[in-house]
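Look at the two complexes coming up: subunit A is in both, with subunit B in one and subunit C in the other.
Entry: the complex of A and B
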């Protein structure tokens, strides 16, 4: 019954103090996740792509960035940007934007990994075939490899969106009024019915996450399961570079010989 | 303060790794089992807790759990000095176990049927089948994603600062508010997280190398 009483607060859960103040609640979670994943998409794709590069001065900074961001807790990133964005841009940066920036950086590193694994999962023959029809490297990537790669990345993108959506709840620590914060505010208004507020908070998260993970599962079934986490590509693939070092297809053989360690199938 | 923070973080990491591995194994076995109730319960657990943020669970165990319990126990819990750490362990374990069970289940599904048949034919009981034949293989096949998950779990221990568990992130915030040396404290803490995550990753890669089986023998047995 206490749960039903929470319906009186449904506006606050969904929109926060919206008509009187800034938008908040569940809506803000979705906005944060969408903004972060949208803004980090290009950055993440570039990072993931340049991680495959054979040029060490491109490859190693990207690896360093990705690994550092991936092994730092999200809270730490949020604190970094919460304290140091105002330091660089003056006091005009609101907590909302520092949350968006830190979430985007966090998302970019993870998306880079998804993009890299997606590109590596496209069979090599595809690129070779595209090059042998006379396409330039850019065209081959753009029209042959990337469309197939993105198709395979799609389920991982959706499930990453779910996990990013859950991670937006962390921003409550710096005072963004999203669903967790609204739940806590309501639970403090009525300390005897705390569990009702918490349960309605959980239901809010659960509904959104469940529908998206359901979507991810459906996509996985349609496209074929692509287990990203256990995928560990070892070879470095120079032929995916847009601009190869000497720019001629004829010299590819020795380049790839330098870059790709001989696999077991080559040994015979 | 920093050193106690590191200690508490390590305690959180060690306990949640062990407990979530145990709980995850139990739930993975429940989900595979042919007994209907276990199957449904296991699936329900994963569906519920995979779709709820870990932070919520931690907050739930800290703020709401003592209220739901009978008041005498709740009051004792609230008075307990290290209750934040306990609540953090509970929340992290429940959050992580759902992922672990999912990973282990897919590990179990990748074991060929012949293994179980062989175990039955040598006269092992159900428990023995799991203990001696299936579980070791489950862990081995599931090791790479399991490792990633454990590193993720390690990063999630920093969420416990929301409930004032005195771990590393909380310690940096305290240092910041006491001495205004936020940059130094945050950098050291970040460095610690990066180094420890690196150590965990290399340990997992080492384990993978140690436990690796000769692939050709497996393909051979499959063709038979």
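Entry: the complex of A and C
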């Protein structure tokens, strides 16, 4: 019942104080995530590619950046950019943009590692074959290695995007009015129905994350990343557990079919 | 055309190429054979600089490989290479595998590149498979497409790195036939292979290597029938499954019977 009553607040959950104030709620989560994904996609790909560079003055700064960001909690990055961006750019940086910047940098470091893993997962022979036909390293990457690596990166990208979307909720700590913050505001207005507010938040996150992974799975299927057929339960029963396809286990016909026919006896 | 001048290479502490001196002229077919780990593939891969040498010099078609000013892409465009595991691009069809390099490196347009690719596919007998992906081809077919792919760049030199050793025995001949016809057209070829029959048929010279050294160079009969070096003798006898001729053993057998 309490949960149904929360429908009265649905506008606030979805849009925050939008008509009167800035846009917020679940919409803001999505906007934050999309901006972070978009910018980190480009930035992360560049970082990941440069990390594999032969030039040490490109390689080592990238490694340093990636490792520092990856070994720092997101919440610290958010605080860091919240307090330091105004310090460098004057007081004009809003909390929204400091949230976008910190999320993008966080995401870029992780994406760089996904890109690197994807490139390295392509067999070395592919690069060698491309190079031996006279392609430059850049062309070999662009036309041969990356198209194959991208297929392998796709599942990791999807799971990272989903977790990045959930991570946008951490930005409530610097006062971004996204879904978590709206939930907290509502729960404080009605302290006796706190659980309902938190439950609504969870539903909001779940809906977006689930539909995103569902879409992604469809995309994976279309691009043909993995042979999904061979992971069906029926396939497992037949090929992987080596049970007879027809008839009961232990039936004579099956048994004889499985036996290796006896060859002629060897004579000394 | 290709000249090795005391080329040396180390992998960490292993001396994989020891003072290689070899000169290969235009139109020659060279077969390199020897036990595994002898450095045959490494020697082959130094020619198009997929491996670097640490000491010495290699001159390919007038280009000095140790010179940093040498244009690597121009060098490699002149040298075709065929790999043991084919290394076809799995995300492209047979015809696109072949046209990719001519289009991106030589700047041919799609129509011209496709025309050239179809000619090459005809040569290797696979026109009907033009739109097949590598996974839909047998090993022999894949290797023939790979040969066509290297030929599409109209190279002056072809390198073959054990082109038949990943194939089923009955598929080997279709690949060897293509290589034989290529040799007859006067292509400069360097082939690492264990196919003695192929070597006897088309090789101008056979190079026998062991432990990073070139032990013997000679015509196929010289190396296969009358090897001079004891290591070559023992290798050849094990390849041909003939026990080493040993006079003492024979005398013992005679006396016992």
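In this section, the second predicted complex is superposed on the first by the 211 of 268 C-alpha atoms of A that agree within 3 Å, B and C clash if a C-alpha of one lies under 4 Å from a C-alpha of the other, contacts with A are read in each partner's own complex, and residues count from 1 in each chain.
Following the convention adopted for this analysis, contacts are C-beta pairs under 8 Å (C-beta built on N, C-alpha and C of every residue); 3 or more make two chains touch, one makes a residue touch a chain.
Worth saying up front: this structure is predicted, and the values here are computed from it rather than measured.
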First (subunit B), second (subunit C), both or neither touched by A:173: first
First, second, both or neither for A:114, with subunit B first and subunit C second: neither
Partner chain(s) touched by A:99 [first = subunit B, second = subunit C, both, neither]: neither
Touched subunit A residues, subunit B compared with subunit C: B
Which of subunit B and subunit C A:162 touches, first, second, both or neither: first
First, second, both or neither for A:134, with subunit B first and subunit C second: second
Subunit B versus subunit C as contact partner of A:205, first or second or both or neither: first
A:74 touches, of subunit B and subunit C: first, second, both or neither? first
Subunit C-contacting residues of subunit A that also contact subunit B: none
Subunit C residues touching subunit A - in the complex, by the definition given at the top: 48, 50, 73-74, 76-81, 83, 85, 87-91, 100-101, 104-105, 146, 149-150, 152-153
Contact footprint of subunit B on subunit A as seen in their complex: 67-68, 70-76, 79-80, 83-84, 162, 166-167, 169-170, 172-173, 180, 184, 187, 194-195, 198, 201-202, 205-206, 209-210, 213, 227, 229-230, 232
Partner subunit A, residues of subunit B touching it in the complex: 47-48, 50-56, 59-60, 63-64, 67-68, 106, 144-145, 148-149, 151, 155-159, 161-162, 169, 172-173, 182-183, 186, 189-190, 193-194, 197-198, 201
Subunit A residues within the subunit C interface of the complex: 123, 125-126, 128-136, 139, 143-144, 147-148, 151
